[in-house]
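This is the structure, below, for whatever I ask next.
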Amino acid sequence: MLQNTPLKIMYLSPAGGSRGDGNNIFAAMAEQNKRPGTEVHIVSPPPDDGLFTHIEYRSYEAIVTRGIVRGVRAAAKEGFDGLAIGCFYDTALHDAREISGEMMVTAPCVASCEIAASLSNRFGIIVGRRKWVHQMHSTVAANGYEDRLSGFYHVELGVNDFQTDHDRTANLLIEAGRKAVELDYAEAVILGCTMEFGFHRKLEDELGVPVIDPSIAALKRAEYGALLKRQCGWKPSRKWSCEAPPEDEIARFGGFDNGEAFAGRLVVEAA
Amino acid sequence: MLQNTPLKIMYLSPAGGSRGDGNNIFAAMAEQNKRPGTEVHIVSPPPDDGLFTHIEYRSYEAIVTRGIVRGVRAAAKEGFDGLAIGCFYDTALHDAREISGEMMVTAPCVASCEIAASLSNRFGIIVGRRKWVHQMHSTVAANGYEDRLSGFYHVELGVNDFQTDHDRTANLLIEAGRKAVELDYAEAVILGCTMEFGFHRKLEDELGVPVIDPSIAALKRAEYGALLKRQCGWKPSRKWSCEAPPEDEIARFGGFDNGEAFAGRLVVEAA
Amino acid sequence: MLQNTPLKIMYLSPAGGSRGDGNNIFAAMAEQNKRPGTEVHIVSPPPDDGLFTHIEYRSYEAIVTRGIVRGVRAAAKEGFDGLAIGCFYDTALHDAREISGEMMVTAPCVASCEIAASLSNRFGIIVGRRKWVHQMHSTVAANGYEDRLSGFYHVELGVNDFQTDHDRTANLLIEAGRKAVELDYAEAVILGCTMEFGFHRKLEDELGVPVIDPSIAALKRAEYGALLKRQCGWKPSRKWSCEAPPEDEIARFGGFDNGEAFAGRLVVEAA
Amino acid sequence: MLQNTPLKIMYLSPAGGSRGDGNNIFAAMAEQNKRPGTEVHIVSPPPDDGLFTHIEYRSYEAIVTRGIVRGVRAAAKEGFDGLAIGCFYDTALHDAREISGEMMVTAPCVASCEIAASLSNRFGIIVGRRKWVHQMHSTVAANGYEDRLSGFYHVELGVNDFQTDHDRTANLLIEAGRKAVELDYAEAVILGCTMEFGFHRKLEDELGVPVIDPSIAALKRAEYGALLKRQCGWKPSRKWSCEAPPEDEIARFGGFDNGEAFAGRLVVEAA
Amino acid sequence: MLQNTPLKIMYLSPAGGSRGDGNNIFAAMAEQNKRPGTEVHIVSPPPDDGLFTHIEYRSYEAIVTRGIVRGVRAAAKEGFDGLAIGCFYDTALHDAREISGEMMVTAPCVASCEIAASLSNRFGIIVGRRKWVHQMHSTVAANGYEDRLSGFYHVELGVNDFQTDHDRTANLLIEAGRKAVELDYAEAVILGCTMEFGFHRKLEDELGVPVIDPSIAALKRAEYGALLKRQCGWKPSRKWSCEAPPEDEIARFGGFDNGEAFAGRLVVEAA
Amino acid sequence: MLQNTPLKIMYLSPAGGSRGDGNNIFAAMAEQNKRPGTEVHIVSPPPDDGLFTHIEYRSYEAIVTRGIVRGVRAAAKEGFDGLAIGCFYDTALHDAREISGEMMVTAPCVASCEIAASLSNRFGIIVGRRKWVHQMHSTVAANGYEDRLSGFYHVELGVNDFQTDHDRTANLLIEAGRKAVELDYAEAVILGCTMEFGFHRKLEDELGVPVIDPSIAALKRAEYGALLKRQCGWKPSRKWSCEAPPEDEIARFGGFDNGEAFAGRLVVEAA
């Protein structure tokens, strides 16, 4: 059964739709990292709510969450097996899981922490700006990994800066990584922004510890969840706090289904 | 100074706009509970994102947060001193605080916990449905009150049910309160939904402990915050995680300022 | 009702009675910061238990707690609406609340933390001596604010030193505040001693973040609690751990009511 | 050295002085449980602050703490090696340790938890009244034993009731112990009041788990601390938060040394 | 690359070697649940240390840990990509990870919690005997999932009892699951023993929530870790606490490599 | 009774058997620190599992735990009253307690923390290598002392290095202790390895705070536990998680009792 039907994974980048080629980077990431039998769609919400190229501010997140839950609902209806929300804030993850039907939803922070915790006892997270730390710390703690944390290390780059000067970015990330490993005794490092893509192998070489790329982690965790669903039958709970809203109420209230759910869809086929 | 200019408080009910007379109940609440020198505006977001009469589901919240941050931004521009978000989920409180300028923002859960913790060592929270508990528990814990909690007590009424049969509601709330006080040793009780308005004095009589109404608590906490701003100069921090987004980026991305910010505004004048 | 009868607040400074003009500073503070309709009495316990000019040591506190609970009981009998204990150790707060009848009791540390937490996500506390930190840390944690704390910053001044050389004090507080904000990412600052009065506005100017003065915070929180009692009917719980001792036992044991309860009463009238 | 000079332990019962034969029970306890080479003095503070026969209320404790720190200071001056404060609230333990010089101070709750935690993974505490639980829970948690706690079990007896009808007390304690062991999976039981003396062996027989008597535990822990001081040289730290007040300030403030320090001294000699 | 070389996973059952057909059940489990391209070896330590058919007691575990670390070391030398320790105590997981070289090691409890936490907010764990709970609770907490736990539910069956009367076992597990879901609001259930194999789908049907089988979870997590190693290059950290012992010291001390490492090897081939 | 029969304590050094004169150091320690009426046997497991001279690695511990539980069982059968496991990892403490019958078992880390916590509010731990910290931190936290910890301080000496150059060791320990006390505000210091024996008094002189030697602490705690058993009747619980394995199963499985239990026994007689 697994061989015949590809696993379908959606990678939903909350701010990528208006970034022009923003999603190409994630398509390349998926191409390099997915299992052969997995099909990945990279999408963003349509720009109805604003032309965000990043969501570093909580108030930006509050505006794009509408697009995220609409996209998740649409993906579930299209029959996707798993979905990854492409922002290290794990924006709207709880909201998305409520409305995802039988589709598993994950996100970069929790996916990265799981991996780092399986490979080390203590890890640091390299972020762009100090601004982000409070929220990300809360997310790490809510997922139960606070005791594992050596700290957050910021390099004073914004989301849109990481891919502009690759050498400078690499140097800043390495410097932050050294601080984590040498001063704070981190045993692994997580890159705390999906736009830090492309640097994890270089950092591993320099630092000598595992370095987790969060967009890869999210994709792989979605794929793992999809495998568990297909092979073992494990689907999201719909009991108690996991209860989904009733369909007739959704229809009556509106808000979920009007207009296009996605922009900029790129498809990476199963091999 | 305080005497001459009324304190201006906004009470923003996330789902009230489409409820018809939904906001009248809060106007009456404000009339009865505000200081004489306070002016209160009760509003809801416009129904652009859906005609929600409640936001019991996380995915509903994810849709209305856009309206909340827009409303908060508009209120700050109008010169309000304080704003209360009228839902016991404290929906989008962190997001709202980021964008509130010099206006203090609060919400029912945190405001109620502060009061209950000052009057007792241990309190219980009576909610509508078990569905709500996971998120509310997280909020209570994030605010530092987990050790004070005797538990959550659900009465299997939805948000829209509390005001339909007042006798039945009162009986269910009293029964839940008895469980909290007599079995779990609660010393105070918080009503865990703004639509549980109108019952707290009756419950106090029956239970013999303080019973905190959350919409009153949120209003009074906004008023207290406004007083602290006016008299002592204490305004929201804008440092590190509290940094607001830059105005030029807001203008470029859009998403904040198009269209009406409020629906159904009711004004309760200063005396 | 509120207009006609002033709110009556007592500010009880545990070590002020023997300080000569020690309470004048708090009378000025009250004059500048109270609502017009509030009447404030500044008092200290009588010097029966020793002529303490500060209670930096736990063993000093253990001696003055007798005076605090006697004073609280007397204030409740006099019909005060709220009482603030004027020491950042929040000395005997739990004890005082037990015996306060229908009067709300608060203290500087908890009152300051509530305000700082509503205006920022993370705050630091500037104390006089490292000696104080263990106990104050315990108090902050017991009130649920440990996760908000960037740290304690001591300036090696004793309680009685803060008001001797104002320029030196200001410089030391600013230096400590810079450490909190710039090195430890505090977003707000609390002054951790009521004798640090008179510096918070200057520090706000220098640091660019909210700086909470604890004696003002305690006074305003007592006033807020008094308002909640008068307008909303919320009084201290007397259930379970909040149960007050029986009057006949108090009479039989003695210890509460003999002699004067207060020394050095200064009254700041309602406007 | 150890053989020639008896270890000197003081057992300071905060409310025993006015209880008439209150201290006889503890003298018998010491006689049965001390090492041969230990001398024990059982004392109470003089009744200057009230004729308390129990300190079940926090406000009672606040009044007797003066007597406790005075007594601790006097015991240190008399050359005692260890002192146990005889109340399961561990009343004023931190205050006492500050002023104890080279004398080790302990108290029943922490001493009992140490023993129970060394003999089991999980224990319950049987208290007199529900009133006590909040404070005792805080003490257990502050000492790091919260994760070990199966719960508190109250029998609705006051401190002064335990020794009036021994059969009734035994039955109530056994019933509470059964609840702890059979329903909540306690593996050991602590008696949560020093006046529950005389029942622990009977409870062990009935329950089949270790049952810790708190007055014995406090005495033995004081003796153990005294041994560690004599044999290994381990004395209380006087650094940072453990710093004692300066003697000249004590002399200037007064409050510590006037009048008798002890009432009702009973001496149990070394063998 | 992935297509051409099978992933090699070892399933190491600590007590299975002496159970006769004990490992057949796990071979069938692997056959049904592995990816096609995965090869699984099921092994147990040789019976040198005792003929354990279960390790319910900590002292039994202490004896078999020698066999576990020897087996892990041997598996790493054989070139396995991942290894699962087949006991819900996650016996010796930390020890095994230290000595595993580039091989990822996981175990049932942590693997099951990760899955349950991704599908629900709150889960219960059904165990055989109350005896097990203290250690398992510690493991769940150490992995950061304590806040997710509704509780442990024991059915009073030992490890060797689960597979003797399948109907009885199923009924007991369903009854325990109902308690978790209906009384304690669990939203998912974990089976807390690898010998509870064969029941999870039936329980899902009866309970209406996801039910995680721990041996499948451990196998799949090992496979996922192996995929992450092969595709993304993520291998165990060897820094700080993850440092492996030096080979020359291992040789000098002995203890690791003498004799056979495995007993009862069953191989499930890649498809 | 106490006078006539010596208390019998076993000090079980997990890696000492192959160290040649390794146990002499602990015999001298016992001679200097035991009560006169106590008899101490110093032993190690036989070298069947490897010739370990230290167990700095978790995988080494995993191999020697078999010897520890066998030794504990044998000691209990020989009628010892208390046993101390001589490694600051508190290796196999839980396992040992399960199988110890009526004998109390303790270990250096928990014993040292108890003492340090009774003499100070905050302490630091000086360890050999950073490698050790993760596990020791977990142990300290599991025992409830995490809030007391100023930190761990490593001197980059292995277990076998401490006794090679005493001056160098002393200097490194003093330097680390200064860091703990002066930079991190430790009020007491614990030496985090039993091979740091011989330095605690020198460090106390230099640092001016209590310095706890862990092998002495473990010995004294075992002696204290033995006294509590003899005088007060307090023996290990055998209920729930403390249940010991059934003797018939032990006999059937084997693994516990074959061969010698101890190597290198040194006996320090009662005076």
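All chains are identified by letter, namely A, B, C, D, E and F, in their written order; residue positions are counted from 1 within each chain.
Throughout what follows, a residue touches a chain if its C-beta (ideal position, glycine included) is under 8 Å from a C-beta of that chain, and two chains touch if they have at least 3 such contacts.
As the structure is a prediction and not an experimental result, all values here were calculated from the model.
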### Query
Hey, what chains does chain A share as contacts with chain F?
C, E
#### Entry: Recurring contact interface, reference A-B, options E-F, B-C or A-F [over half identical by residue number]
E-F
### Query
Of all chains present, which has the mean Cα position farthest from that of chain D?
A
### Query
When the contacting C-beta pairs are counted for B-E and for D-F, which pair yields the higher total?
D-F
### Message
Using CA atoms for the superposition, what rotation angle relates chain C to chain F, in steps of 5 degrees?
### Response
120
### Message
I'd like to verify one number: the distance from the centre of chain C to the centre of chain E, where each centre is the average of its C-alpha atoms, in whole angstrom.
### Response
55
### Task
Averaging only over C-alpha atoms, locate the centres of chain C and chain D and give their separation in whole Å.
31
### Message
Among all residues of chain D, which ones touch two or more of the remaining chains?
### Response
121-122, 130, 133-134, 185, 240-241
### Message
So which chains actually touch one another? I want all the pairs, not just one.
### Response
A-B, A-C, A-E, A-F, B-C, B-D, B-E, C-D, C-F, D-E, D-F, E-F
## Note on the structure
The answer for chain B against chain A in the complex is residues 49-53, 56-63, 65-66, 68-69, 73, 92, 94-96, 98-99, 130-135, 138, 142, 240-241, 243-245, 252-256
### Message
Under the definition above, what is the set of chain B residues touching chain E in their complex?
### Response
130, 133-134
### Query
Inside the complex, what are the residues of chain F that reach chain D?
2-3, 33, 35-36, 94, 104, 106, 110, 114-115, 117-122, 143-148, 181, 185-188, 201, 204, 208-210, 212-213, 216, 220-221, 224-225, 227-228, 231-237, 239-242
### Message
For a test of understanding, state which residues of chain D touch chain E in their complex under the given definition.
### Response
121-122, 185
